[in-house]
Amino acid sequence: MKTVEEIKAAIEAAVPGAKVEIVPNPGPSGEHSLLLGHEQAVEVARFLRDDPELALDYLSNVTGVDWLDKEVTEKVKVKRQVTKTVDGVEQTVEETVDETRKHVEPGYLEAVYHLFSMARKHGPVVLRLRTGNRTDQVEVPSLTMLWRAAEFQEREVFDLYGIVFKGHPDLRRILMWEGFKDHPMRKDYVEPDDYEYEPTAHDQVLKRAQAHQAQAAAMGQEGAGAGQ
Amino acid sequence: MAIDQELKIEMGKQGVFVTTIQELYNWGRRSSVWPMQFGLACCAIEMIATTMARYDLARFGAEVFRPSPRQADLMIVAGTVTKKMAPQVVRLYNQMAEPKYVIAMGACAISGGPFKQGYNVLKGIDRYMPVDVHIPGCPPRPEALIQAFMTLQKKIDSHHLTGEGRPRYLDPDAPGEFKVPEPGEHDLEPASNQGVWPVPVVIR
Amino acid sequence: MSTFETIPESTSQTSAEHLAERLSKSITAAAEADRREGWNRPPVFLPESENGVLEVAMGPHHPSTHGVFRMDVSVDGERVIRLKPVFGYLHRNHEKIAEGTAYLASMPYTDRLDYFCSLTNNWAYALAVEKLAGIQVPERAEYIRVILAELTRIQNHAAAVGFLLQDMGASGTPLMYAFREREKILDLFEQLTGSRMMCNYMRFGGCRVDVTDAWLDRARRLVAGMPQFVDEFEALLTTNEILMVRCQGIGALKPDLAVNAGVTGPMLRATGVNYDLRKVDHYGIYDRFKFRIPLGDHGDVYDRYMVRILEIREAVHILEQALKEIPAGPIMDPKTKLRGFRPKPGEAYGRIEAPKGELGFYLISDGGSNPYRYRVRPPSMINLTVLEDMCLGHNVADVVVILGSVDIVLGEVDR
Amino acid sequence: MAATFDQIFILFRNWLVHFLPPAWQPAAGALLGVIGIVAVFPGLFALTTLLERKGLGRMQNRYGPNRVGPFGLLQPVADGLKALTKEDVVPFNANGLMHLLAPLVMVVTVFMSFAVLPMGRHMELVDMDAGLLFFFAMGAATELSVFMAGWSSRNKYSILGAMRAVAQMISYEVPMLLSSVAVVMIAGSLSLPKVVAAQNHYTGIFPHWYVFTPWGFGAALMFAIAAIAETNRSPFDLPEGESEIIAGYHTEYSGFKFALFFLAEYLGMFALSGLGVTLFMGGWSAPFSFLTWIPSWIWFFAKVMLAICVFIWMRGTLPRLRQDQLMNFAWKFVLPYSLLVLLVTAFWRFLPPGWERWVVCTVILAVAYVVMGRAAFKLKRVGPRSYRYAE
């Protein structure tokens, strides 16, 4: 089994112009993954499947991950001109100051593919595809035409995360019903409020029930807590 | 007749004549409750296990699992009812012929159980249709299902054909069918059938 | 009554034509009556399109779909020309719930994935977390895991074959025999873990409670009686002509398609592909046991049936070895603390050979007490990818049998 | 004394009837016979459902119904009561009249076929010269009612079930008729009492039942297969195969109409078992000459119940065939074999009595059976397989 770096080199040799990045995995499992660019993703995947040395003929797992917009706080040393009174004389002094800067790293949706080889019995090779953002650029290329195994799993990722797989033959909702609007596995999904009743003290559920009742009382809604 | 009219009326008021038919009627229905062949999730496996060799629900005359709702008397809601499945469950209940009974088997069917926090899980089937017996447990053991079955038999035995406490299907004013919820854009519509399920009070 | 009014009194046509015309006329009349009454639905049983294709929605309540699964089948006569599986009727948001709770609290939820094999699900999850956090498992715990997993495999395969025969129309007898053995195994589980089906037994770095010698003796007695049960089962089924006619050549699957579609488990091995994670990954301590992987050549329903039967026999061999060699020692890794368990940031994909195929758990940790991403790779669902390919051209009755031979559990398909 | 017991029902009827003027006596006698049939067979049906449930239970390591009444004996009564008091659902766009008529037609025609069955010595309602023909005519009406039920329900599963049922019943009616014709050829009469009389004599202690002759055995086998298919019992229970098409043509029936279908199915079983017993197993005649003192009607019902037990046994063990396999089986095996049996019966009829005709007939039938069976399996490429292992 080649290491990730070797695979990356092999890909770059075989598919000219392929954008491949290694996403390191700091955990003990050490399964580093390859981030593919959208344009060449299908060719790269085809190379991985058909290359006799790698022979990754078996796509085990396709899944989505939702990375929210992150507010990153970092301390930056900034040089600036400060007017100071030193010894009674006003001077312009250059000074290095620590400044906290905040910026929002845009979130993205990610599709993760775990590849194994049944012929050579090795693996896994982890591929990642990222969308531009979480709202309007949610397209990634589909790998279903290479591995049938992705058919239902990509549909599931589409259903639950809203990643649109370009080139998927039958991209419909799979777990939720047709006509459902939300993507419930996203981290910012808000559930429908149907926690009217909870007989047992069940961690957050009781809180939600109480919140529901408070809200219903505020809206002056009858029946929410009145017993009828 | 030796009985004078007044006594007859008096006994009729107390239900003497009615009672004998009623007993036969109740006995017949309670001794031959045919469940519908209908399973949803984990509890369905325990339901199957109940009908199998060791527990043998057949002893009560209830092994005739009918696949068609028209021919079944008892619906065992065995497992998690999801919001996608709830309309079908209610429709199946509407398709059953009266008299019909419902056993909510397991925590999920009662209240959503361990999956209560799920966005697609219905928090209790009794939001949409009347339930006769609830069995707690996740999943309930087969013995619990047999216990529920016997509880249902006792309940059928106590039914009166007339008067105040008569069951729903003998009451011409009671609804025969329940509204089938429609899957909406975010949730089922309506979220519960008013009239079937009075919203209870949260005890803080 | 309108039916009779539309029938012409005298006729010079042949009787078949007459009957057809009569039928169509009365159907039209009934449809018109429906329309008059504001019932806009077309008559339900008629072929919808001109070429005589009938659309049948099998499920979600159907006796043979093993739960709440739906197949939209288009049949031409009784021949299937299109089949689309529809799931989600048991989508219980397992992944979302697990992302909101602690690592340990997801263990009971894994029981309810594939509710026939709670212990292998436990193991797969424990394995993934152990890989994520780098936890070692003591030897005795590994033996216990192997014993429980193989017992699970036996009861799952026996029940799967029973359900397959049930779908084929045997009035319950094989299923009853299978469940008789299953109950014996469940008794063992109950004695050890306290629950028949939802065992919630394994922990990261070991197991929850230790097995006693009495339990091991009981397990040995059970395993000793198992070959006799399989012989009885096979005598009832394997060479039955009706079973052979119903199963052989039905739903054949090509090995290359199976590999490409990610099919795993007995279904893959029935096509002749030698891929068993117990041999490939050597997870746990499977490299210590001698066992063989049965392989089919045709990939049809009969091969899947036989591969399951033969896997029961091999599982019995593994159990015999494991129960003989089980060492004394601790059952939990002392360094692992279960409460307040916070693995370092990272990700891991752990997989085992569950009775239905490759069961994988993909976990991403951000250093918190909850997994950031928790994903189950369900074998049942991915094995269904090829359902349409297997069913095309066969009869409706075969669809039922093919689905039975895939051996799905809806808790796992929809999660 | 034995003769009195043998004829006890006839004597009782004659005694009841002799109070009436002679002109009314035949009609009243027939009416009493009808009442007898209508009373006995539903009772037997109730017992048989219980027997089936308990018998199946025993085959599956369990008890079966035993809570309702002593040993569960009142279970059928409870089922009947329940069915009577259950709501009768007619689907909204079903054809109400047909929906109502279908079970009635089915039950009535099945009852009528009992008219020609000799249930004991002189115990037949009508001794019709063309009794066998009448029986099959009535049996054919079942198909009509099945199709009425499936069509009028306006349900996809119902219509699929009805189509299957009609195809299956028509296909199996042919071999059933053919194998009965073999008996007619030997007995020389279509009248069922005469067929029984032809079998009711003994060589030593053994009876002259047709099933003990080579052609009779072959015909009885084909008849049994066809009878199982006609009554929609496992392994030929496709029309109501619940794992495929819910409940087949009676999917939309509830309450008492469904109970009537159930009744008709079992009555059909009794009727066909009775016919089979009459044609091949000597009807009401005793199996051994020294047992002739036992009343004839006991023998008839004992044999019928034996056949029913075989039905139950088959149901407990065998999976179901598929529709095309069922049809192939009917047209490619059962029908040709029945024709062959007919031919062999002709040989038997015209060969001189002696061991030679036994040998000739047995050899022809056995060889044909083996060859045809092998050919069927070879053509389908079906057989036991061996498996390889990977280490």
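Letters A, B, C and D mark the chains as written, and numbering starts fresh at 1 in each.
Heads up, the rule we're going with is that a residue touches a chain if its C-beta (ideal position, glycine included) is under 8 Å from a C-beta of that chain, and two chains touch if they have at least 3 such contacts.
From a predicted model like this one, the values you see are computed outputs, not experimental measurements.
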Starting from the defined contact criterion, work out which chains touch subunit B and subunit D both, please.
C
What is the identifier of the chain with the smallest separation between its Cα mean and the overall Cα mean?
C
In terms of mean CA position, the chain most removed from subunit B is A
Selected interface, B-C versus A-B, where C-beta contact pairs are more numerous
B-C
If you average the CA atoms of subunit A and of subunit D, how many Å lie between those two points?
67
Can you compute the centre-to-centre distance for subunit A and subunit B, using the mean CA position of each chain? Integer Å is fine.
45
Using mean CA coordinates as chain centres, what's the subunit A-subunit C distance in Å?
30
Can you pull out the residues of subunit D that are in contact with at least two other chains?
60-62, 242, 246
Contacts with 2+ other chains: residues of subunit A
175-177, 184, 204
Hey, what residues on subunit C touch two or more of the other chains?
62-63, 88, 91, 93, 96, 100, 176, 180, 414
Each pair of chains that touches is included here, namely A-B, A-C, B-C, B-D, C-D
In the complex formed with subunit C, which residues of subunit B make contact?
37-42, 44-46, 48-49, 52-54, 67, 79-80, 82, 84-85, 88, 92, 108, 114-115, 117-121, 138-139, 141
Seen from subunit C, its contact residues with subunit D in the complex are 1, 3, 23, 26, 30, 34, 39, 41, 43-45, 54, 56, 62-64, 78, 165-173, 176-177, 180, 236, 238-246, 248-249, 274, 276, 279, 292-298, 302-303, 306-307, 310, 395-398, 400
Sort out for me which residues of subunit A touch subunit B in the complex.
175-177, 179-182, 184, 189, 191-192, 194-199, 202, 204-206, 209-210, 213, 223-228
Complex contact set, residues of subunit B against subunit A
83-84, 111, 116-117, 119-120, 123-124, 183-187, 191-192, 194, 198-202, 204
Within the complex, which stretch of subunit C touches subunit B?
60-63, 67-68, 88-94, 96-97, 100, 108-109, 112, 115-116, 175-176, 179-180, 182-183, 196-198, 410-411, 414
